[in-house]
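Some structures are shown below for you to check.
Both complexes below contain chain A, partnered by chain B and then by chain C.
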Partner chain A sequence: MTKRLSPRFFIILLTCYLVVGLFAVRLFYLQVLRHDFFVQKSERQVQKIIKIQSHRGVIYDRNKRPLALSKKAYSIYAVPPKIEDAKQFAKAVSSVLKLPKGKMFKSINTSYPFVWLRRKVDREMMEAVTELELEGLHVINEEKRVYPKVSLGGDVLGFVGMDGGLGGLEYQYDTFLKGSSAKIIVEGDPRGYPIISGSRDVQGTPTGFRLGIKRFEPMSFDGGHVYVTLDERIQYAAEKALREGVERMEAQSGVAIVMDPHSGEILAMADYPQFDPNRFYKAKDKVRKNSAVVDVFEPGSVFKVFLMASALEEGIVTPGTVIRVPEELQLFNRTISEAHRRKPGESDRKTATDILVESLNVGTTMIATQLGEAKYYKYLRGFGFGQRTGIALPGESQGLLRHPRDWSAVDIGMMSFGQGVAVTTLQLATAVSVVANGGMLVRPRIVQYLTDHESVTVKATPKTSVRRVISEKTARQVREMMGDVVTHGTGTPARIRGYSLGGKTGTAQKAAPGGLGYLKNDYVASFISVFPLHDPQVVIVVAIDTPRKSIWGSTVAAPVVRQIAKTIIETHNIPPDELRLP
Partner chain B sequence: MKKTQNRFLFRYAVMAIWVTTFSILGLFYNIRMVEINKQLQSTVEKLQVLEELNRELELSLLSQTRLEKIEEKAISTLGMKAPRRVMYFVPDESND
Partner chain C sequence: MKSPKLTSPDWSLGIVVLFLMVIGMIMMFSTTSVTGLSQYGDAYYFVKKHGIFLLVGLGLFVLGIRIPHQVYKEYAFQGFFFGVFLLLLTLFPVLGVKVGGAQRWLNLGAFYLQPVEIMKFFIAVFLSVSLANKQTEIKDFMKSVGPILLMLMVPIMILAKQPDLGNIILILLVTFSLLFLAETPLSHMFALLSSGLVLIATSIMLYPYQLRRIKSFLDPWKDPLGQNYHIIQSFIAIGSGGFLGHGIGQSKLKYFYLPLHYSDFVFSILCEEGGWIFAVIVLGLFGALLYRGCFIAVKAPTQYAYFLALAITFFLVFQALLNIGVVIGVFPVTGIPLTFISYGGSSYVMSLFLVGVLLNISRSRA
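After this line comes the complex of A and B, so read on.
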């Protein structure tokens, strides 16, 4: 027999149902009717936005030695409206930041909401600032670029200002090196701690990759790394030899390039005077620019190599062709003469090789006239003159090579020995590479490949053969002629015992500003070389601007090439090829 | 009647015990979570400081091993000199 429930129990139960019902109605209102509003509100409360500071990538040399990298730095800023006593603030902060008190007071005595006080300071200074615990004084994390090798390769690497690359590779690859900005939105509790089960939303465009479960996934925002073709040891040797050469000759400046003629890789690119990219602001603009690609000069007699290559290729001469070469030649209104007087009784019958070995202006003029303007121009363009090489460095000049329609009647003669034409040192090195590698024009490269911050290669810069300029036979003949220049011609100061080396000297008057003739006492002494001669592995080009102790390419530039070549013997482990056993 | 009421009360009591237990456990884990998060934050900060120190040491090492400095040390401290004459020894292959 069942008993009826008591009314009191029934009332309690009903009350419970009513309360539960009220809760249900309220929940329906909150969770269904006002759903979107409260979702947004709760998201605002639990979401924490973390700004990802991307790290700038590293620049490595070809042997993976770091040349430029970043370290953590701190920037101090003020929020002037929050500062109570500006005078006291300036007094306290200026002593820690080592800044003039008056200047700081002036900068914070404003209504602007944000003022930089000092950027990119070290940890000690940041900690000292934090200890002040002043209202309106804040610190943010940044990065500072550091060049541990100081001035080594400074002109190629460039430098980084407060907000990005301003020169050299740092400028050229700025976007790649610095990565991209992004933010992660994580769910956290009111104290700001992330909730483990909470969602993570990444906003931004990844520039790098990370190794996922099965494959590489786009993820990283950090900047990538740049691997350059420079070899630290050869770069050091080139810079040292160049500095000594410039100082010995009391010259204004100098440039040296070491290039692999087969791959087009630049192994060294030295420019003196140098600057320290860590303190780039202390160097003048003209020192900070990379003269090897920016500055042009009249090459002088080194240009005879390219005339000879063109003439040999066209069958105008052979290395043994004998030509009667007078000491002077009247070419329209201009008298072409030699730089050195002939010895008494010396024959005027010269072979094409003699013309190059003795660097005879009259001889090259005669050959150029036979070759003709159109063909000579075609070959010069073929060697890459008058156009940018396309190297990944900013500010490259294209030089000056006028079209034959703009040539005067004497220009072909002048250009045969490197006057009336302007080239960069890089163009010269690229053109010499044609002779060294068997006739192909290869594009010079300063960057080997790019990787993301996890060292996954994202882009490689392979060897680019642009075109064939001369045949292998012609290239070999020219190399042999260049070898004679070093063994018994003007290039003997470049000789290295036990090794074969081909070269050509150049001594060119500097053009006066505005194209008004030439400067009487200012010269550019240069030397182009192929080393070792019988199996060329490097091309070395040195140009020294306005030497005072001597002016000749043989005495000014050739010894620098010799010194660089001696280092390359060690770095490339090159065995001697002209061994004389006792 | 009494039996039914007792059954209801028992059920509520069991539910209350469950709720209380889970609340205490939740509270306990929440406290633990806060502690772990604090430790994590402190460890991350220490890691950052160590990473910074490591980078400083790396930079110092790179700076100390500059070829210029090595050459300077070799000449001044070790008294080394650049070779003035290099001799090459070529093995006679016919005697192998």
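After this line comes the complex of A and C, so read on.
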């Protein structure tokens, strides 16, 4: 009979407990000491990333007509390592995709596992590609930006490259339109099904929600819509009038802006030459930029309006103040002269209104010197010159308005008739709006409001009155003077039968590159206007660059304004208000 | 043969087993629901089946307490060959069921039976009877140890054919422990061990895949998605549990990352959900089981009962330790369930019966 509590018994027992202890230590090592390492491993294999393709929002005009929208498109790519016979592959695919065979062969003759063959093709081509059923040939869904009105408003809308907006509103509101390139990180099993008790993490900014099991869950990451202030019809008319005007005068380019002076809404913004944003890559940068906000020019005589407004506001003159205006004026080392010779026997006694109506450089110089540099500068700043208007368009210039301490003695005179300053067309339109709306500077707006993808407004851009620049009385006086410009001054070509219209012409020599004097034969012909004069509804500004057939604001730009104003009569249902016809 | 005096059974052993069973039930609810839902459309599919096993097991447990353990002694040989017969049946095509490359189960229509679980009980009885009888001749290899091992070679050969390496190792481990306790000369033990090593060496030479297995066991990170996927997933489950665990039911690896997460690898999920604390509690309970088992053996009335109690205790505890050793990467992967906790009918039912027999032994004290 063996002894039960023998040494061997204890050896066995001890060994067993030693093993148990060893296990506990081993577990401590795995679970406590190397805990972080394994947690990371566990998370990495459990976390599944779901990428969500967001849809780019639509750009609508003020009447909810789509100007830019996104359509389904298909992109074709190859996985070269999976291609069996690269030559055959290149031959078959290149004929379907309508691409050169040799080039395709070169691009797929690689070990790189991803090569774009052609992006954003239409449905037909995609179906032809899938019918090939080739190994290593794949299709993914993408979106293609489509501009249904082709070039309409192209300079304002901008365009979209492969990966985002590259110009205009498409660029300005890219992140908003694009939505969020979202990732949802869920904990899932190896087949990808989410784990019931697992966590859920969302990267990206969701724009839509639904009521989930426990809480609101993000459902959509789509981009929102942009409603612009443009009116498709006015935009079309402005573009057409501008194009015709530029072509008629064999000019280089031109810009036209139609703006609501009360709200600051831009109803039309045309920039010729135009481009088709659907095929933006075919146009040069020079064409694709929006000259109305990007480019500056010396305004010339249209600028006299703002001197007159300042002088009236300051009480230097009244519309009827009579001033002796010589034909030439010596201002320090410079002789100021008129553009047109005076008729023989014409009086040199001119009213302030006459000075504007006849666009007398000497007269404005005299008024300006009387006004003084500091005050003149203050008013010009007040009208918004030398500063960005703050419109939601990319690349806006602030123009050039120097501080009086940098002015030479003659500068005040030069500036009074629009030399030595540079403005954008939009700045001009904004400044004219001050006159048109009764003295308030309003911020020009291109975007009315933004909505999310479900058309719920997320942000409205309200009318912003920046400041009062001149009194209502002064504004009215300036408008009356502008009316005289059109009825019996330089602006007569803009007249419309039965309608009142106020305006001012400008014919400015273009500054030579490098700031050395002026180009002899290159002019910017411009026309600013308030329409209808007695109940201002729109401000129309047209500037045409380097016209050849004629150079005058009256002959080149005024007819364009007239043509646009005629459309406004229809869109705004404006009744005739001018009954006494000459 | 009736024992002169019957005391009440050793309830502290019962309580230890009860704790393990409760933990087993909790883990069952946690681990089987996912698979049950996805494969059978019923999250409680396995739990319900387990309920049946529990009832059968409790029936056998009561039988084990009631039937005097001396009865098995009378039918030791018949039982042994009955077990061998059942084992042999698994190798036949229609009766035997192949799961995951191993033919270990008998198809009984309503359920599968794993005969090795029955075999283990009869081996325990056979060893106890033999060792109790051959006590005086234990130093004579040809008369005691030799014949015993020869007899055991029969079921082991069948298990090798199935194959079921885990249970072979378990049977050999229990056998050698009992031989050691029965005062087999150390020289004999040593000779047996070295011949065993030679056998293993030749086996590896013949089947190179075993060498690969050992290699991968030594360096599991070499091929974490291939053949070491299983053990790596087990590590991740255990390691990510940390000190306190994710909480019961919060395992992530049980979502089809860790295969066999409700049977052989349930301990990994247990570690993930309950943390180190829970794992150590389970280890402690098995330690307590070993202690109570040995206590019952020492107090057993006869030498036969002494060996039987030890054999049963070893089968229960060593199986658990083998399982945990595999799961935590201390032993190479062999398929063996965790006693009282893993889902697995035959093992669970028979384990309850073994506990019943152990309690019966505890009733008759020397």
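Here, the second predicted complex is superposed on the first by the 494 of 582 C-alpha atoms of A that agree within 3 Å, B and C clash if a C-alpha of one lies under 4 Å from a C-alpha of the other, contacts with A are read in each partner's own complex, and residues count from 1 in each chain.
As a working rule, a contact is a pair of C-beta atoms (placed from the backbone, for glycine too) under 8 Å apart; a residue touches a chain by one contact, two chains touch by 3 or more.
Nothing here was measured: the structure is a model prediction, and the numbers come from that model.
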In the superposed arrangement, which partner chain does A:152 touch: chain B (first), chain C (second), both, or neither? first
Of the two partner chains, chain B (first) and chain C (second), which one does A:6 touch, if any: first, second, both, or neither? both
For A:573, decide between first (touching chain B), second (touching chain C), both and neither. neither
Would you sort A:333 into first (chain B), second (chain C), both or neither based on which partner it touches? neither
Touch check for A:111: first (chain B), second (chain C), both, or neither? neither
Winner on chain A touched-residue count between chain B and chain C: chain C
Touching both chain B and chain C, residues of chain A: 5-6, 9, 191, 193
Mind listing the chain C positions that touch chain A in their complex? 135, 177, 180-183, 235-243, 249-250, 252-253, 255-257, 271, 275-276, 279-280, 283-284, 286-287, 290, 294, 297-298, 303, 306, 317, 321, 324-325, 328-330
Sites on chain A touched by chain B in the complex: 3, 5-6, 9, 66, 69, 71-72, 123, 146, 148-150, 152, 191, 193, 232-233, 236, 497-498, 575-576, 579, 581
In the complex with chain A, residue positions of chain B that touch it: 1, 5, 33-34, 37, 52, 55-56, 59, 62-63, 66-68, 86, 88, 90
Contact residues on chain A for chain C in the complex? 1-2, 4-6, 8-9, 11-13, 16-17, 19-20, 22-24, 26-28, 30-32, 34-35, 37-39, 41-42, 45-46, 187-191, 193, 195, 197-198
